[in-house]
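In what follows, structures are represented as structure tokens.
One chain, subunit A, links the two complexes that follow: it is found with subunit B in the first and with subunit C in the second.
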Partner chain A sequence: MPIPQTRNIGLPMMNLLRFKGLPILQQLHIEEQLLRTSSENWCIINDGTNDPTIVMGVSGKPAELLEIESVLRDQVPVIRRFTGGGTVIVDCGTIFATFICNKEAVPDLQPYPRPIMSWSSLLYGKVFQGIGDFHLRENDYVFGNHKFGGNAQSITKSRWIHHTSFLWDFDVRNMTYLKLPKRAPEYRSARGHLDFICCMKDYMPRSTFINKTVEATGTQFSLRSYPLEAIETGSETEFYPSTRFLTDEELEAAAAAGQ
Partner chain B sequence: MALRMWASSTANALKISCASKAHLSPAFSLSRCFSTVLDGLKYANSHEWVKHEGSVATIGITDHAQDHLGEVVFVDLPEPGGSVSQGKGFGAVESVKATSDVNSPISGEVVEVNSKLTEAPGLINSSPYEDGWIIKVKPSSPSELESLMGPKEYTKFCEEEDASH
Partner chain C sequence: MIGRRISQTRAWNAGRRWLCPYMSSAPCPIPAAAPTEECGRHFSSYAKAPFSLTNNPVNFYIPYVVQRCQFSSNAVADLPMEGTVDVPLAQTGEGIAECELLKWFVQEGDKVEEFQPLCEVQSDKATIEITSRYQGRVSHILHVPGSIVKVGETLVKMAVEETQVPSVIPNNLEKEKPVDAKLNKYSTGGVLSTPAVRSLAKEHDIDINDVQGSGKDGRVLKEDVLKYAMQKGVIKDPSVTATATATVGELLHGEESCSYGSAEVAGLYEDTIVPLRGFQRTMVKTMSMAAKVPHFHYVEEINCDALAELKASFQTNNTEPGIKFTFLPILIKSLSMALSKYPMMNSCFNEESLEVILRGSHNIGIAMATPYGLVVPNIKNVQSLSILEITKELSRLQQLALDNKLSPADISGGTITLSNIGAIGGKFGAPILNLPEVAIIAIGRIQKLPQFTDDGNVYPASIMTG
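The block that comes next holds the complex of A and B.
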């Protein structure tokens, strides 16, 4: 979809990176590197990730959050990411949208969790205008009282990242790898996974969501497509991301210790 | 003691700090943002405080910061023996689905970390200037303290920051 260039004069620049099926670990490594080493603003969209993968927040405790026996039996990869927040299991039905911004990029926005979340909810409010009773509810994106988007952030001295995993569709069987979290939003009301979450596909086609997100972003930033081959990760740079897979040994030890 | 407890709870309601230590007193606690700022400390523009006593400096995040961050659920602490640099991150706190870097106001060697924060991260919210301290540092360049804000300057900084958003 062509990015509108008119009416962008005076808006801060933002690089747009679009992937399809990029492995989630690679996406998170790119994000962590851009947050820590870039001075530019970025929007990253990854349309699905090929392999089902569990992604925990920075402080996640595997024994509390995962059915470790099943995870190990079925060899489901588990990642600990660099941002806060909860645990998700992502796959080809997940659409990822990320914003990485300098503190001054959004006028009048204080670089704290709740203002950033509020800003993003207004942006996605434009995407879902008039659709499905969309709103931000206790840090989740919901239609009514069913969650379809989970958010997480990391805030540094001069920059922040806000990234979201949207459940365009999901495999019911994958939810069995996740326990009910101890820390849950009040509106969840102790509902099980399948009663708590819903699919975006019941409300909007996949490409429509991605195009509308780019369009909404373009009302606040002057977007330019960034060539994928220019994104360098790996040993050429001196940046070492903290996001990583947990090993089987670590998961077994966590299960044994009840952590 | 009972009268002091009553005064303390009333003061909390009004967001005035009744510091338990005699040398720490509220300087400008009735600020527009209603966060407590204490005398005797120096402040960084990234909302960390430092208390320099002899050869050791204690570092934490301010009441303004903890109030804006929300409930702290996890603290990522550095290892003792490591070094910190002025203005650079040395750890992080997690709140409301976000990790937020904690930056050191001064350079030096980490001599102690507050291990209580591992089991009780909420101390940062309930007692940001006392029980919620994060690290103790042996300063390598004590003159760096002069570049930090005093209580009056920091209070004004917070008010201007909140007013501009």
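The block that comes next holds the complex of A and C.
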């Protein structure tokens, strides 16, 4: 463990995990496991995932959210994750950033969705200071009124997770797999995907974003890099994550049932 | 005197601990999906889908209010002796009107501990675990997973044992309306009280409406009934709460057979049972836990002449009328300055992960004895406050403590505690840690004591033991 800088004394510890191209299912499994079984604070950054994958929230209904026919035809994998929130399609142009914290980790932070969302927006506010009119709009990170980052959370008895998928870049064709959701933020105003979202690449290079995020996190936590080998090999599978792929059969059944 | 926890840091190991209680629920019949080869590992998984409950629903009611932290509390209330309580979906954030119920972690008939997760709900982007306020048994689950529950609607009903009280000091909070409503329910003829107190009044043939209530909103408490009964001459000794078992007859006549004396006579010699409630009950629990921690004690006598001079100079140069200067704020600020040098003393210990968390803020707790019990509110961020600001904040907290109006924020988040034994006349004490803090300081009274110079001359000095 590196010796902490003098200025870090007094800050709560946080482990930093940095991945590149880690499959999103694996990332979500790691996150769920750390949320439920670790008692430490974590920051996880995954610079792009491998294949385009659809990731739905815990209670998402495929028929409402996806163009199931195209999804099945093109064999796009669909994951149901353990946190709430909406549906995204992620690929190598998506940068993921996750915070997993004990309830007392951030002083005076109430462990509820809005306060945690606000806290995260202040942190990213530092990252995007002076750039592109960044702010938190309802539950999304926007430049102006275009969304470039979507959030989801899970709050347990003594911990919480807040994870974000940032659209550093995206393939316009992938968006066609997603329907316009029934529950949408007000500011979306019924805009289609392409009118509603934007890319971060127009504002900031990838590495700059990641470095600035780590830096901003370091102002509140004493970060220490965590060896990846310890995470990847440590899966003795006592823990069973709930995040999983939906099977073709499930998707077909959902399409048939119209739900 | 400084009591300190001895601890070591330990690197996080790769072992996994399974803290997830929800695995105990039965999986539903939807076939489990096998993960694809892509992830390169086999995780057995189970379908996350609504499952139906098979047991009979039961109804219980708990006045349940979610506060900012788990250590918030409701007003002092003797909850019904046989409590059936409603657990509503509590407010999970401003503006959130409803949540989707995702899954239950408990089934009807299950025993539930305080703070045990009951269910998981989803609002917008967050899944949230709802934990139980009280210990009890699940009697009736009112919603199935997938249903939308409005904030305030009852989620589940629970059987609660006896008088369950919250973890810390009762105080007045904005959100205590539900509890008051519960009390109102039990008042007939306009007098606020609880069944336990009413039956006590009945026992002594007292009309509870005649009793002057000294509790909040004029609530009639046990003590009020007993005092009234004493005034009326019904009972001699108001501290008698238990039934008489000793026999005066035996003592007076030396007979072996038992005979029950009248309440008046028996009151002089019988045992008194004092059930511990509220503060005292909590203190037993927290102090027992703290007593298990290895304590290191260090005592020193400190020359406080300079301190006395400083206080005197504050008083003479006092620009703020109405501010009384005492030693305590100066000591609090000194403590903060010392903590900047020794941050390990301003930390908290995580027993599960064997980790010491060095806290950034100096939130110094001050132990205060109030008529309601011992409370430890803390002054936040002392490192950024001046002595004058500390004095004002201390005074604010002291007033709130006396009025029993401290908020959850006032009593949580402390990083180190200062206990002023001197205020009640002691010279030194052996304090017990206020977990999860690692250090506590007890300061005694400042006394004028003779000291010796190197060449044997005696001079007076202000000495404090700490």
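The rule is short, and it goes like this: the second predicted complex is superposed on the first by the 249 of 259 C-alpha atoms of A that agree within 3 Å, B and C clash if a C-alpha of one lies under 4 Å from a C-alpha of the other, contacts with A are read in each partner's own complex, and residues count from 1 in each chain.
Just so we're on the same page, a residue touches a chain if its C-beta (ideal position, glycine included) is under 8 Å from a C-beta of that chain, and two chains touch if they have at least 3 such contacts.
Just so we're clear, the structure is a prediction, and the values are computed from it rather than from any experiment.
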| item | value |
| --- | --- |
| Room on subunit A for both subunit B and subunit C (clash or fit) | clash |
| Partner chain(s) touched by A:N15 [first = subunit B, second = subunit C, both, neither] | second |
| Which superposed partner A:R80 touches (first subunit B, second subunit C, both, neither) | second |
| Partner chain in contact with A:Y177 - subunit B first, subunit C second, else both or neither | neither |
| First, second, both or neither for A:S59, with subunit B first and subunit C second | both |
| Subunit B or subunit C, by number of subunit A residues touched | C |
| Partner chain in contact with A:I155 - subunit B first, subunit C second, else both or neither | both |
| Part of subunit C, among the options 3-11, 39-47 or 111-119, whose backbone runs into subunit B after overlay | 111-119 |
| Common ground on subunit A, meaning residues reached by subunit C in one complex and by subunit B in the other | 57-59, 82-86, 108, 110, 112-117, 139, 151-157 |
| Footprint of subunit B on subunit A - complex, ascending | 57-59, 82-86, 108-110, 112-117, 139, 151-157, 183 |
| Complex contacts: residues of subunit B adjacent to subunit A | 46, 68-70, 73-74, 76, 87, 89, 92, 94-101, 103, 161-162, 164-165 |
| Subunit C partner contacts - residues on subunit A that touch it in the complex | 1, 9-13, 15, 23, 25-26, 29, 33, 36-40, 50-51, 57-59, 77, 80, 82-86, 103-104, 107-108, 110-117, 139, 151-157, 230-231, 233-242, 244-247, 250 |
| Of subunit C, residues touching subunit A in the complex | 11-12, 14-20, 23, 30, 33, 35-36, 38-46, 48, 68-69, 92-96, 100, 102, 115-117, 122-129, 131, 146, 343, 346, 348, 350, 352-353, 355, 357-361, 409, 413 |
